[in-house]
Amino acid sequence: MMTYDVVTFGEAMVRLSSPDYRRLEQTPTLDVSAGGAELNVAASVARLGLASAWVSRLPTNPLGRMIANKGREFGVDVGHVIWVDDERAGLYFIEHGAAPRATQVIYDRKESAFAGIRPGMVDWGALLSRARLLHVGGITPALSASAAQTQREAMIAARAAGCLVSYDLNYRAALWSLEEARAAQLPLMEFVDILVTSLPDQPEVTELISGESGADPAGVARRLAERFGFRAALVTMRGTPSVWRTTWTSLAWVAGEVFTDRRYEIEAVDRIGGGDACVAGFLVGYLEGDPGRGVRLGNAMSALKQTSPTDWPWPTRSEAEALIADGGTRLVR
Amino acid sequence: MMTYDVVTFGEAMVRLSSPDYRRLEQTPTLDVSAGGAELNVAASVARLGLASAWVSRLPTNPLGRMIANKGREFGVDVGHVIWVDDERAGLYFIEHGAAPRATQVIYDRKESAFAGIRPGMVDWGALLSRARLLHVGGITPALSASAAQTQREAMIAARAAGCLVSYDLNYRAALWSLEEARAAQLPLMEFVDILVTSLPDQPEVTELISGESGADPAGVARRLAERFGFRAALVTMRGTPSVWRTTWTSLAWVAGEVFTDRRYEIEAVDRIGGGDACVAGFLVGYLEGDPGRGVRLGNAMSALKQTSPTDWPWPTRSEAEALIADGGTRLVR
Amino acid sequence: MMTYDVVTFGEAMVRLSSPDYRRLEQTPTLDVSAGGAELNVAASVARLGLASAWVSRLPTNPLGRMIANKGREFGVDVGHVIWVDDERAGLYFIEHGAAPRATQVIYDRKESAFAGIRPGMVDWGALLSRARLLHVGGITPALSASAAQTQREAMIAARAAGCLVSYDLNYRAALWSLEEARAAQLPLMEFVDILVTSLPDQPEVTELISGESGADPAGVARRLAERFGFRAALVTMRGTPSVWRTTWTSLAWVAGEVFTDRRYEIEAVDRIGGGDACVAGFLVGYLEGDPGRGVRLGNAMSALKQTSPTDWPWPTRSEAEALIADGGTRLVR
Amino acid sequence: MMTYDVVTFGEAMVRLSSPDYRRLEQTPTLDVSAGGAELNVAASVARLGLASAWVSRLPTNPLGRMIANKGREFGVDVGHVIWVDDERAGLYFIEHGAAPRATQVIYDRKESAFAGIRPGMVDWGALLSRARLLHVGGITPALSASAAQTQREAMIAARAAGCLVSYDLNYRAALWSLEEARAAQLPLMEFVDILVTSLPDQPEVTELISGESGADPAGVARRLAERFGFRAALVTMRGTPSVWRTTWTSLAWVAGEVFTDRRYEIEAVDRIGGGDACVAGFLVGYLEGDPGRGVRLGNAMSALKQTSPTDWPWPTRSEAEALIADGGTRLVR
Amino acid sequence: MMTYDVVTFGEAMVRLSSPDYRRLEQTPTLDVSAGGAELNVAASVARLGLASAWVSRLPTNPLGRMIANKGREFGVDVGHVIWVDDERAGLYFIEHGAAPRATQVIYDRKESAFAGIRPGMVDWGALLSRARLLHVGGITPALSASAAQTQREAMIAARAAGCLVSYDLNYRAALWSLEEARAAQLPLMEFVDILVTSLPDQPEVTELISGESGADPAGVARRLAERFGFRAALVTMRGTPSVWRTTWTSLAWVAGEVFTDRRYEIEAVDRIGGGDACVAGFLVGYLEGDPGRGVRLGNAMSALKQTSPTDWPWPTRSEAEALIADGGTRLVR
Amino acid sequence: MMTYDVVTFGEAMVRLSSPDYRRLEQTPTLDVSAGGAELNVAASVARLGLASAWVSRLPTNPLGRMIANKGREFGVDVGHVIWVDDERAGLYFIEHGAAPRATQVIYDRKESAFAGIRPGMVDWGALLSRARLLHVGGITPALSASAAQTQREAMIAARAAGCLVSYDLNYRAALWSLEEARAAQLPLMEFVDILVTSLPDQPEVTELISGESGADPAGVARRLAERFGFRAALVTMRGTPSVWRTTWTSLAWVAGEVFTDRRYEIEAVDRIGGGDACVAGFLVGYLEGDPGRGVRLGNAMSALKQTSPTDWPWPTRSEAEALIADGGTRLVR
């Protein structure tokens, strides 16, 4: 009987990206990968050496199988995925930007197999009794009412099973409005142990949930935690001086203490999934009993992840630790 | 005020194909193109020198624009396309086969912008009064009830405007059953002037509509025409001795006369769209008053089309005519 | 009978560029596109929603057809192109640079089909009586004597038809000397309504024509306009702090008023065609009666165009307008 | 505690293949994958729905991790792989042929991490007590003396644990001579339950081991089984009318009964791994108690496998079963 | 002071081919190589172990340098190439066919640097006094009058220097008519020692020169040799049952004896350069004193050459000899 | 009898690099090239117009031939390479970095054909009596004891033949420790005329050999030369503000005089081989009697080399001289 450090729940999609800064309208080829916030987190957790599983719903066609294969490639247990005939895999298209043109994502995930998930399909009690932490977030409730209900079901089951719950607000303007996001998520906060939010990417949603303005990240983390009774709050901070140059850091409030870290200067090859790698690093450190290490691990994983294509977290734990220790850009040979 | 020889109506999709005989489940890249039976026909008609327009419904995003751009690249008038925000473009995925593995197409076209087309959206009367022929077919009524109604609306408007109607049965097992196909299409036959069907690919649907068994193509064409009062019936015939080697020919019954042609031996690079190129060639010859030339033009266009990738009809009219006249495979330099 | 907002005249070539910063001498593949200043302008005009046509001369072979297809893909009317057998399409090769190596273009356009164009081949009177503006420039007279004469013929016909003439000096050192450029173009200035010149890329040619030194762009524009009696003068200004980082702005003098705009910081993927996009944006604003909008539209189109490969103007008008309004580099999803 | 239907043991290598029939000496790119007979078998077993693990030894660098990742992608348990610093991954290069040029493989596997495996490194007793069948073969003993000893150790442990042993002779002329192959393998036959050999690819080695000439495959299978006391013998038969056209079938002798199957005509995209897919299919059927189904499943998996690139078995079980039932080459859509 | 077994003279071009059976009109990329009949011959000669040089005229730009580099890569001495500023390299475009569409070559070689070569530019006397054989052919005199004169100058100098002359008729219909070919080449025959012609590709030109009909290759060779006093005549014979399947053989008449060889069945990846490889193989055997070996070597080199992309002769001499000895299509590993 | 300006000796490997900033663990393709410090130097020397040869040992397989072909493509004489059957070519894998991830090289060169070279295999006396300078360095003695002995043999033979010796310390931490490097190389210094070292990449090794700290490059050069009696010392200096932005300069001490140069700001596409290009430029200037020109030529070649992929020195001498004279980044057309 497998046990898991982290179980995540959410949609992963086929990812279709145009190479060489081509616009989607012009590209003769697309690069194929898979991605989705919660699968990305599970992959980073496994990459860092802990046991993870990802729960989702996929169609029994080559696209659905491909998504699961890729998760498995990273060591994520996909044995709890629910398979369904005659439905579709969600897709997303991405064209990478260059200043002053921002990177753009087009979702094509309506009516996906995942959106059709419903309470009762997953035996959360059995699964989460074997897990230390459940990770979910703010994308799933935006996808369908039944997906929102299933996520709530999972969170309640986690609490019942003594399994921690982490929640990444992860606001997507393409999916719903701030008002909808607020209405759907405020009632969930009572089941959350660890909250993740982004500044300044998502000050609006943070503000809506917390009344916080975003100017003081450590204060935001503290006040969020205090207001909702979280055990921990992670605030990620991306800077975008241009499209190809970004910066990354995060801080965490954990049980009254604030953990900060250096800010990385990044030559950004692919920023998608950077936040998920950071969340995973933090969760790993937290579960290992060292939140400060979690913040450093998260930031290093995030910075390194953004230097190679796709959502996937290709850095190894030893690379992340070497970067934390040093961080030079001299050739290694 | 533009006039058109041929107006077509139907859905075109983003076409995503895996290169180098890769399975969809394994491919790191996809080749991007666009395609759809009725757009393919319009493109071949334009390629052969007649004026064509294509009517459809597309989303105002890069994928929708790309589909229209590609039609325009071939000289098809896409000015009558209806544009809509916040909907999706239909997609199809293709993996090319090798014996004993057949080429496989996966449609992802549910809830597409085209499926949302409704009667009243297109001013058929105004458009078809400027056209000699409307080409539609058996895919559209399988996509949605409102698309089926819109196609019927167009066919009735064509008849009223004195515009010919051609109809390709084009049965797709992935979209509906034979029974559904029969029920939906039999009532349309009264508005059809030129019918297209395939043997042996689609003997079932031909049989359902006509009671014909497929063993005698010329007889099938004649009896179909006589039963429904068609002006013409085109029967296309593909043979598949293997996946990489196919054969192609077609014959037509026109006003009591049967026109046959040689059978082409094809090294098949991409068979998708081969039927559409044949239909277009026949319609061009028919509209030029020479149905025999239409059959020959259709078969040559189809054979040549199948020797290069994508749905699109890249052969020129002069290449088709040279093949009809000779057909050698010696190097040209 | 079609009418046009903008008709352009000039050569377009097959564009062959080496990918991934490879030198031409080393590359195993070339990316294929098409481009030419005046076709680029026509494409941007169509992209921005006005009607454009492009007049040229092309060979009836796959390369010639490809060039026309690509123009058509953008909505440019290529029905006035003159087709000729047994001649060649102009080509250009490009290798993208990286500091301290500049991007380099090698032309292979001698004896092209376009260079063989001669007065009398185009019925300018008929065409330009249906057009609001003719756009030509300083490349064409450098290609052949007969091309120069044909351009002059067109400019005179435009004036006669009450059609505006815009002229981009567009100096190419690979094609002729400054002295030749001056001698050929000064006599054309009397037929010009709108002049386009570049600082500091082409201060020499501006100086030769105008006696202007380039240090004061607004003054240059004003004095050029006053000396030659132009209705408007557009001065484009590119800065090249490195090869991958460029800046772009332009200003216009129109009927005594100077219109300026912000300077864009660009992560340059492909700077070729940036000037043409700017010209087109200006002409569109000018024809819409708002030269200030034209300057802003031109700069935004130029900045965005430079962030994706090929000469072609893939930004949409709504993207350009969003950039004018905001311009952030945060991810869009 | 995981249990396994099949455990395999052997080397897998980085696979580097030149695309588009390029010779290795000319190719500017190589396609990267991984492969090795016993990993291939484990992957097919997992693909067919049974639980498999693969035991090997890999370096802790990106190449070693990549090999394990790919196994995991297929669902193979790679948790028993032994990791080692500062050693190398085996490689193999492949150039695909075209008649009259044969496909050619170049091994670069000397001094690999796997060749350094030694008895005592794997706890075979613990592992094989949880397994139904151990699959090994004739490549491993050719790689190093210590690898040969380790394989012998595993076979003895299997017998002790009541775990079946299957053995694929898999002769590689590049690795050793027939005499060496015979001397090394004859003593192993006493631990073998199921033997696999190839005709006519490897009649020499079959002959050396069995005294059999290869002219009568069913007889070969029977006499091999009788001489060595095997429970089963599988004889695979590939025909190569050209390089792009191959044929495949196999037969098995099981407990006195011979199971034969149809011969597949294959348009061969990549024949590497075809034999391994066949072995896996047979083992699955055998373990499911239906050797006849095993033969059919093996042949169908092999035929389908050879129609797509890389060693990997991308066909699904349902595709294999559909091919067994029908096998047409008509387009699926 | 270098000495050469074979010196060749002619044009080589940049070769631009569309991949994956794409039509030139559709391809987004082109593969880049170089090729030209006489450079191809020199490359094969070097590949087979004899010393060769190639004389030509190239522009001092990346394209010209690339052509010379590629010759050097094969070991051809390009030190006698004449370099010139401000001229162009010849180009040719190729799209590979599939039945019933033939492979098509488009030349763009007018006004090339080579066409500008003139008598007096090369010191033939000095060069050919160090060479055993000069190889030229029927393409050069079709390129320009001065190139024709330069070739004649070289042939006369060869005779004066006691250097053999081989001449490949190599008729190109795109360059000149049969009448022109005949008029230009008949007067050259008196300087020829070894003639090469093709049946059935070029029966017309053979007929024009020889009065021969092509039905009896050995007779053609004999009668050509007798009429013109050649020392040897090589007749190459390609069959094209389809585009992807070709056959190849050749025979030679040498001093009264006829040497024949097996006919190869070829899965043709790229037939361009197949004839040149055959010529080179024959010349090598002839110069080694064994014309029969020359015929076999030429046919094997040609057959193998046609199985990989580009004009270049990648087979090695040992591969050719292994094919002559055996020729199986079984995997080599 | 050929004479050489520069003969180099060392290993060259197959170079396999992942494109598009992909990690080695994720890449589906690798770009193939060849490289090795001493072959790179020979290539740059030839590119700059002097005669060079490269001595090494390679396997007679496609990989070995490819390495030699590429050297020949640059005009390097590879006729002195020793060929051996049944051994392996060294390989190296490279993944290009992006801040904060450094570019990483993985060597796979153990047991290579070159490592098996032994004294007596090369007739150094005969070869170096025809050469002006022998270039060797600090990688070779790290590869095997016999390679170290062969290099020492060559250096002694050079001195005996009156041939200059240059030596690049070129420390590779992946191959040996600083202590090993020092012990192996100090005894060689007596045979060195020109020493090359790097600051700050390799201050450690410089320090070990010289006791120098690296803070004062000109002083380091002077004191190194004085201590060991070198005729010249070249100190190269790379700065790495990020991974994509590097700087480059070098200085030389020659016979008491110090030659410095500008520092180049580089948008680094591929920094591998930058040092070798610099060394070659310096040697060319030195051999031409102008060490100051050598320093400038070396820096310009290095800066330009780093702007295109692969180790190879694609800049031409005229490009390097134009950069020395000017260095603008404006488009060239």
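Going in written order, the chains are labelled A, B, C, D, E and F, and every chain counts its residues from 1.
Keep this in mind: a contact is a pair of C-beta atoms (placed from the backbone, for glycine too) under 8 Å apart; a residue touches a chain by one contact, two chains touch by 3 or more.
A quick note: this is a predicted structure, and the numbers were derived from the prediction, not measured.
Asks: Farthest chain from chain D, going by mean C-alpha coordinates, please.
Replies: Max centre-to-centre separation from chain D belongs to C.
Asks: Matching D-F on over half of contact pairs, by residue number: which of A-C, B-C or A-B?
Replies: Of the listed options, the interface copy of D-F is A-B.
Asks: With contacts defined as at the top, give the pair, D-E or E-F, that has more of them.
Replies: D-E is joined by more C-beta pairs in contact.
Asks: Working from the CA atoms, figure out how many degrees chain A turns to land on chain C, in steps of 5.
Replies: Chain A sits rotated relative to chain C by 120 degrees.
Asks: So the centre of each chain is just the mean of its C-alpha atoms; given that, what is the distance between chain C and chain E in Å?
Replies: Measuring from centre to centre gives 44 Å for this pair.
Asks: I'd like to verify one number: the distance from the centre of chain C to the centre of chain D, where each centre is the average of its C-alpha atoms, in whole angstrom.
Replies: So the centre of chain C lies 61 Å away from the centre of chain D.
Asks: Which residues belonging to chain A are in contact with no fewer than two other chains?
Replies: Residue numbers touching two or more other chains: 20, 23, 25-26, 28, 65, 69.
Asks: What residues of chain E sit close enough to touch chain F in their complex?
Replies: Chain E residues touching chain F: 65, 69-70, 72-75, 316.
Asks: Which positions of chain D touch chain B when the two form their complex?
Replies: Spelled out, the residues of chain D in touch with chain B are 19-20, 264-269, 303-304, 307-310, 312, 314-315, 319, 323, 327-333.
Asks: Provide the residue numbers of chain F that touch chain A in the complex, in ascending order.
Replies: 20-23, 25-26, 97-105, 107, 172-174, 201, 240, 242-244, 271-272
Asks: Help me check something: in the complex, which residues belonging to chain F touch chain D?
Replies: Residues 16, 23-33, 61-63, 65-66, 69, 88, 91, 93, 95, 106, 108, 110-111 of chain F touch chain D in their complex.
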